[in-house]
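Remarks on the structure that follows.
Letters are used for the chains, namely A, B, C and D, taken in the order the chains are written, and counting of residues starts over at 1 for each.
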Amino acid sequence: MTPDAGDAPESSSGLPRSAIPFAGTGRDSREPVHADDTADSILGNAELRDLFSAVAVSRAAASRLVALEDAGLVRGAPNRPAFREGGAVGVAHALRPASDGTGDIFAPTFRAAGALERYGLSLDGFFEEHLAGRAGPFREVGTELHHVDLQAGLLAPVVPLGLLVEVVGGMCLGFRMRGEARVGVVCDSDGATSTGAWHEGLVFAAARRCPMVLVVEAGREDEAAARRHSRLESFTEKARGYGLGSASVDGADLSEIVVAVRHAAERARRGDGVQLVEIRYTGVDPLERLRTRMVADEVASEDELATLEARAASRCAAALERVRNASLSGAHDTLPGVYAESERTDRRIWADPGSTQAV
Amino acid sequence: MTPDAGDAPESSSGLPRSAIPFAGTGRDSREPVHADDTADSILGNAELRDLFSAVAVSRAAASRLVALEDAGLVRGAPNRPAFREGGAVGVAHALRPASDGTGDIFAPTFRAAGALERYGLSLDGFFEEHLAGRAGPFREVGTELHHVDLQAGLLAPVVPLGLLVEVVGGMCLGFRMRGEARVGVVCDSDGATSTGAWHEGLVFAAARRCPMVLVVEAGREDEAAARRHSRLESFTEKARGYGLGSASVDGADLSEIVVAVRHAAERARRGDGVQLVEIRYTGVDPLERLRTRMVADEVASEDELATLEARAASRCAAALERVRNASLSGAHDTLPGVYAESERTDRRIWADPGSTQAV
Amino acid sequence: MTDQGVPEHLLKTRNQEPVTLLEAISEALFEEMSADDDVFLLGEDIGVYGGAFKVTRGFLDHFGASRVIDTPIAEGGFTGAAAGAAHMGLRPVVEIQFMDFISPAYDVITNYIATSRYRGAGPLPLVIRGPVGGGNRGGPFHSQNVEMAFFHTPGLKIVYPSTSYDAKGLLKAAIRDDNPVLFEEHKGLYRAPALREVLPDEDYVVPLGVARTVREGTDLTLVTYGAMVHKSTEAAEILERDDGASVEIIDLRTLLPMDDEAVVESVKKTGRLLIVHEDTRTGGIAGEIAMRVSETAFEWLDAPMMRVTAIDAPVPYSGSLEDYFLPQTEDIVEAGRYLVAY
Amino acid sequence: MTDQGVPEHLLKTRNQEPVTLLEAISEALFEEMSADDDVFLLGEDIGVYGGAFKVTRGFLDHFGASRVIDTPIAEGGFTGAAAGAAHMGLRPVVEIQFMDFISPAYDVITNYIATSRYRGAGPLPLVIRGPVGGGNRGGPFHSQNVEMAFFHTPGLKIVYPSTSYDAKGLLKAAIRDDNPVLFEEHKGLYRAPALREVLPDEDYVVPLGVARTVREGTDLTLVTYGAMVHKSTEAAEILERDDGASVEIIDLRTLLPMDDEAVVESVKKTGRLLIVHEDTRTGGIAGEIAMRVSETAFEWLDAPMMRVTAIDAPVPYSGSLEDYFLPQTEDIVEAGRYLVAY
């Protein structure tokens, strides 16, 4: 029996003493990772353009949703404070997605279309999903955007806050057991840190040194309101109590987010256990921040960026147009799916005692 | 509307910046407390003798219970590691009990007879409670020692770990709302810190600055086993993530426990919010430690201490004798008590359809 | 209570204007808090924001932050804390933002709160209230009915009103009760125009544990509660009009303890029982009702006891599917017709 | 599977020695883990300590610490993690030390796990198992039956075996099932000498959803499961001896999905139904069974459907009160006699 790395002690700082390789599974050897914490600190121009487009798409899609909601066609359109697209977009960008079920796992809380697109959900799918009742990517059941695509590595924001920390921790346990060099990133709002689910999920994942990154999206637009939820200056203050590495970044600074999450992911990937990244939102617009910087650094001209933005808007418009014109598929044959056997496909609101069949 | 003290910010150290008086309730003014953190640091000789007797009684009662369990008369006798009586005894001693429902609240995890005695549970009651089925202080239902006496301020160790942190937090909220200068102390084992209930209870109590002291009884007798539950050196590392003051003491040193809990209670009492005290058990015998010290400091002679010990043993023997000779009261009339109305006193294992009465 | 300082929107009954079910609940809370200093509120966003459905709008300003407590997102934590406060003689009322989120408090409710009196801790006056129910395209996590999660636990009471009058009177009774009470408020009824009514301008309560006969009838007993009371009434009218059938409707109002007598007396009169609940089928409350009727009135039954319920699935988000999932008036008509003709 | 390296105490069936129900469960776990590398265990003290009841004694040494995981005390955390691992194609088996402590996992089980497939996440092979039941003077927190906390939730399966043969076969079926399964093990049966039996030395499963006819009879159908199967059998023998009554006993084995056909077919033969469960009365499973029988076999009923259950209270610690609280053989005899004479 190989001793389980999960039981290895660590330094009292709460930060891992060393990179402990995944051990004890006796299965496939994992892809070796020689991460250098500073390697990815500077983002290339193409990356910056991608990020800009992704934020622009997220914003364009969100404003379409607001219009749909006003028209009574959608419920559950994003109603969170503005200027928070950066987190989801930055996190998605920092990861390694794959369409064949071998990539990093991404469990966002903010449904930014540009982040989801990177994780395999097309813009058409995004709108279909919101316009549940149509033939969306996830059947007709609609899921109030609780979209799951395990092949793509995308996990729905399940509504009871905190639960996904438990689940993603377990997915990451699976990576360890199979010796896969994957990580899972779970995002949660700051309020979710109060939940028992968040705590229990983290306690478990930390004890098992799961390759997980926990992102706390801290709303600091209204400091008084934020203080009502927690007395802490920063959620990184919670990291020590769980023995996690941690970092805190500005939610308006896309590069900062990408670099921090990438480094956290690499630390998790190489065996340093769970990492916590706080993303602080202060009401600053990440798109404008990025625009200013890209122009100043001569990564792109104002005109080029305006073109990217226009393209994002027209892509959203076209996708929505396609989706709204698509015909409804037949209705109720899609209801089953509660059990793997998909038994009980009949409606059975009331049973006719004349036939035992009906029971 | 008075601004609620619960919303006052504090320093980033996690330690309260200042003593914030209980405010915002607009009810009775509270008893003024001018606590001096060093005032109680030295225990008097009488106190030391009381502590010695309480530990001795706890140990004598526990060994009686083991004998009763061996005889098949009791279930749930303490089966936790030896030498842990010091925690409960020290905590109970540090508090201000009262028999009229106005004292500090004590929610122990270890059922040390000497600690419970200070909180109004007589030795007779202690054994009656264990010998459920007899006419114990808490009816015949027996409670597997989940004894509750709100008048005395004693709260049962409810079994699902962590829950009492939530409940005691709420009791302390009640003190604040009523402007009472009382505190509640809730003890929990180290493993309980992993529960969502512990976390949620603490998050709530911390946010409301409840006058609560949270005692973590950390079993460090077997360091490897302890590390399986948590990677932390000390549970005080968790305090910062909740914004609590904290201290860590040696579970074999009664004076250290009493002084630390007393100071924590005073801080809580004067409005500094929740305080965490870790009690570390390392397998050292607190009774022997106390004996050595009392003899060395000439507080008492070996003979005097032996007399106290003998008295503790004979008190336990006499109490148990009385309880075992007491007659069983009539059985089943004590079953009700599920609802305040105490309806449904009939057994109703099955109902006779001939009579609607029976439903 | 004087009207001084009472927010305008909470004076409707005082002014003998009609109130919605939501307003009736606000009034009940406001009046109980005014009459008894021990009553206080805890919940997410109930203070500054006035609650997700605005039930406690204006309360923070009126009663102050120590009696209208904005909590962290920790349903177990603040529900457990409410129990602790109740031990100290206070009478907390907890709002669960959507009752779906009562799950994190399941442990403390079933293991601590429900057993508290039995374990010797005396009365535990505590109300846990919040919105339930589907039909609002809320999807699987904002539409649940929660009664069956707790119905099996001895020591709890469960209330589920269907009218504004009952909502106010039952909530006041629940707050004054010395037991823990779960209070379910159907969000589809919150602002339903049809439920607006002028309430008595007096301090009335509706006692827990007593059902209400919504309409009398002789051919079929229809037992239901909550939003289904209204669909059942529609169905009864259709059956009367189209089939000449006389349907008696019993609104349970309190699910636990249940008013067996009302149900059994009616079944003895009609000989036929149809139970209608919005909650899903298997393990629904219909079973308990059928069992009790079988135990006590079997000889009076002229037809099988039957039920109309939601189907056994999470609540779908899609509108067409949610309609399909939920019991509809037409389903009740069909089942009622079957039974009357049996 | 070769016997090489298998701990001695797990070779009883291999050696054709009788096993207890507990040993049958250990063997099922061991065999499934040996046959399928994706099966692994999580729970409190299951590794180094071998489990509170020693179900997994020897497993840590044999399978290693990555497949026999000692968890922190965080039932929600590790049950949720098990669901995540199941998403990745693993087949976790969670031990809840006492099933009473499943409450902290109520949220993740009902909201996440049960709805997972419906939300499009595909199969979720996950077993949550642990000891349940009273009669051991365990008091209110070590004696609960938990089926009714979950019976109402679509998407879960619930299994509750009564014999060693079934325990092994059902647990293997549960582990191979692609749905989340709750598996209840009555601790009073774990080491009951009467339940020791020699099991087939082969890889058998007992399919989920299929009841077992324990004994055939013509006068009364007695539907039950778990420990009550044995008290019911005792009662049936007394009724046969003293009253000449012929009682048919159906052991449900799987509570969800329920084998309606077995129940209904039997009732159609006997015309009388008595349901016996150890769990408390109100909201117990008897209601659902009675409802279904009413819906489908009302015309065949010659007597009221009735039930024998525990009373509506937390489980008392005191021995005499616990006996009084639990359904006893004599209660079953009395109710059965009443029905047969009806």
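As a convention for this text, a contact is a pair of C-beta atoms (placed from the backbone, for glycine too) under 8 Å apart; a residue touches a chain by one contact, two chains touch by 3 or more.
Remember, it's a predicted structure, so these values are computed and weren't measured experimentally.
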Next item on the list: Starting from the Cα centroid of chain A, hunt down the chain whose centroid lies farthest away.
Entry: B
Item checked: Chain pair, A-D or B-D, that carries the greater number of C-beta contacts -> A-D
Check: Roughly how many whole angstrom separate the Cα centroids of chain A and chain D?
Finding: 38
Note to self: Distance between chain A and chain B based on Cα centroids, please, to the nearest Å.
What the structure shows: 43
Check: At what distance in angstrom does the C-alpha mean of chain D lie from that of chain B?
Finding: 37
Next item on the list: Let me have the rounded angstrom distance from the C-alpha centre of chain C over to the C-alpha centre of chain D, please.
Entry: 33
Item checked: Contacts with 2+ other chains: residues of chain A -> 7, 141, 143, 146, 158-160, 194-197, 199-200, 203, 207, 228-230, 338, 351, 353
Checklist line | Where chain C touches two or more other chains, by residue | finding: 72, 74, 76-77, 100, 103-104, 107, 111, 118-119, 140-141, 154-155, 294-296, 298-299, 304, 306-307, 312-314
Notebook entry, point to check: Which residues, counting only chain D, touch chain A once they are in their complex?
Noted result: 37, 40, 60-61, 64-67, 69, 71-72, 74-90, 92, 104, 107-108, 111-112, 116-123, 154-155, 157, 177-179, 257, 260-261, 264, 292, 294-299
Notebook entry, point to check: Tell me, which parts of chain C touch chain D in their complex?
Noted result: 100, 103-104, 106-107, 110-111, 114-115, 118-119, 140-141, 148-149, 151-152, 154-155, 256, 279-280, 282-291, 294-296, 298-299, 301, 303-307, 312-314
Next item on the list: Could you pull out which chain A residues touch chain D in their complex?
Entry: 1-4, 6-7, 24-27, 138-139, 141, 143, 146-150, 156, 158-160, 163, 165-178, 184, 196-197, 199-205, 207-208, 337-341, 343, 351, 353, 355-356, 358-359
Item checked: chain A-facing residues of chain C, complex -> 48, 70, 72-74, 76-77, 100-101, 103-104, 136-142, 281, 304, 306-314, 316-321, 324-325, 327-328, 331, 334-335, 338
Check: In their complex, what parts of chain A are in touch with chain B?
Finding: 7, 9-10, 12, 14, 194-200, 203, 206-207, 224, 227-234, 237-243
